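Residue numbering begins at 1 within each chain, and the chains themselves are lettered A, B and C in the order written.
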């Protein structure tokens, strides 16, 4: 069943068309790889899904509901969330506090009168591979791998069922790549839906069920990873970049 | 709400209350009057801090809010003989409503532009108050002979101290909840906060309205302490300066810091008086503020923390 | 009618001069310089001191004012902007504090009371039924000259293009061999000089007094917000809108309402089009 439907997405920045009639369907529980050369428009697609950029044309449906006119926070409350290509932790908050913000409900009353749940924060931190001792660390003490883990934890904390991961492996060591991969696979088994962008195709391959290749804002190939990567247009687009 | 409160905090607050209670027995009447002023500045600085200290949305027009509260109660009680016990709560409500009307459109605006709009609000108010219905506002001269609600320094002090204490405790408790964390997140990365599923606009609106309520409350009581009000005394860039500097020197985002910052500034100004009776005082006062701020933008809280860490070593 | 047109033109030219120095800093340095108004105050008082207290030639007074402005701008860059690493909020707050400090320094040296400046060029010229002081005509001519020169400087010279590059992208400019630090320093100097020059004229228009920096700051803010950051042409156009609006309000409605429409305009434009009517953020 389609959980996230992207239908003819067009986004223009002034004279530049970043995405051009981009369409793709994401099935519930699957993991979709979104690949393409630099500047293809992958990050822009994520920003459009999250409502961080306004759509010029097209429709986005989450579980059948059109969400393209909802504000960002409302989309997250409906179950989709993203990580950023360059991690954006809250710089002066500890690991635990960053996760706490992800867990915070969007209600002023609940913020004031509810209390934070340390056990839940710890569980999320441990789920992405942190240890209890890491909870009080600040982002500027963390490695790139840790920052990506933190962002993942904060994203999972929102309760999202569809998670968009932007360049998950950029800047990571081999060990960190293995760790994050394992985490993603574990979440896949639990039924979570992923859309993953990565330049590191070799690390991406084992994490996805299917791939969509795009260039210059449009889809050029779609299907099993091996077929997509063998496609002549896809090869040319990478070579051309 | 209770999770991160502990006995140590309760003891600090009790000591603070005790100190305020004992103050009239400890200091002269003159110092007490200086303290009353410091307490009101402290209330305004805490209101500023609640809005700007954490979220990074700097208000350069806070007297706009204070002025609405002050004028509202002054006009109600002086022109329409509304008893103070009704005019003050009404003034607070008026401040909240009026400021919401102004801020709703401004919520889209970010960064420096927000600061500019608040400055423009203040100047607008300054000019409007003088020309629109001067029969009510008293025009350029303002209103004098507003009913005062306390007699003598001691009573005035207790009232101001009670207000400042309640405001401090209330705002401090608020910022220690997850609300405070979310407010800080606005200042760090508003987009990432939205990306965590939180309606940042609603949060900003709530923060602004609470800040306005406190500013309006402070302004209303202040006018009933002074007994008079005039546009240039309120809608004045030097007043903005005093409020912001008090908040920053005390430690932005800490709520109680700005209250101490207000005491520091007010007494600095007061104790310079015997040596520097004239304008030099403001030069030194501003200079000290500038140097302290350049040295430690996080304020006395951070300096104190540094010193304590140094002593421990 | 003629009166309104002439007064409007004179005032607007001056407003454009005042605002352009402010927009330069906002565009290139990316910070709101709340002490900008203080340049005007410093310029006004420097002129007063040289030409009236010391009795030197008026022209020398103008030169001294500009020099004081440039130095103030450079010092502000060196001692405030650089240590704070151009961080927006701290710079804004520090410049606000600085403005208040400078104001008290002026009170200390020249006293609290306001001073009347002698006309730079005495005499009036009759235009139809309206008599216009030569000084104001001179102010307008100088304003226009400076604005045109600045426009050409930014468009045509190497340094000017470097300024443009930095206003678009600090990092990109650094890569292409422009030192953003030097450009920034230069812009702070130019902005200080422009402000001080504007201050001499503004003070002869109104009065010279220690708190005189607030009103022109608000005007500069208004012009920049409505015109959009960085646009010299936009600055010029909006300075005329605001100048004429003020003159018309003053002579047709009520002098006290003078600034109300300016404020209302700021608020409306910010809400409707937060980048201003001509804004692109980089200078152009």
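Assorted remarks:
Assume a contact is a pair of C-beta atoms (placed from the backbone, for glycine too) under 8 Å apart; a residue touches a chain by one contact, two chains touch by 3 or more.
Model, not experiment: these values are computed from the prediction.
Among the other chains, A has the CA centre that is most remote from the centre of chain B. Here the chain at the heart of the structure, going by C-alpha means, is B.
More C-beta pairs touch across one of B-C and A-B than the other; that pair is B-C. Look at where the CA atoms of chain A average out and do the same for chain C: the two points lie 47 Å apart. Computed centre separation for the pair chain B/chain C is 31 angstrom, with centres defined by C-alpha atoms.
Chain centres here are Cα averages; for chain A and chain B they lie 42 Å apart. Residues of chain C touching chain B in their complex: 26, 31-32, 34, 80, 83-84, 88-90, 92-94, 96-101, 103-105, 107-108, 112, 211, 214, 218, 221-222, 225, 254, 256-260, 263-264, 266-267, 270-271, 274.
Chain A makes touch with chain B in their complex at residues 50, 52, 71-74, 76-77, 81-82, 84, 88-93, 97, 100-102, 104, 106, 108, 111-116, 118, 154, 157-159. If you check the complex, the residues on chain B that touch chain C are 56, 58, 60, 105-106, 108-113, 115-117, 119-121, 123-124, 127-128, 130-131, 237-238, 240-241, 244-245, 248, 278-280, 282-283, 285-287, 289-290, 293-294, 297. The part of chain B that touches chain A in the complex is made up of residues 1-3, 174, 177-179, 181-182, 184-185, 188-189, 191-203, 206.
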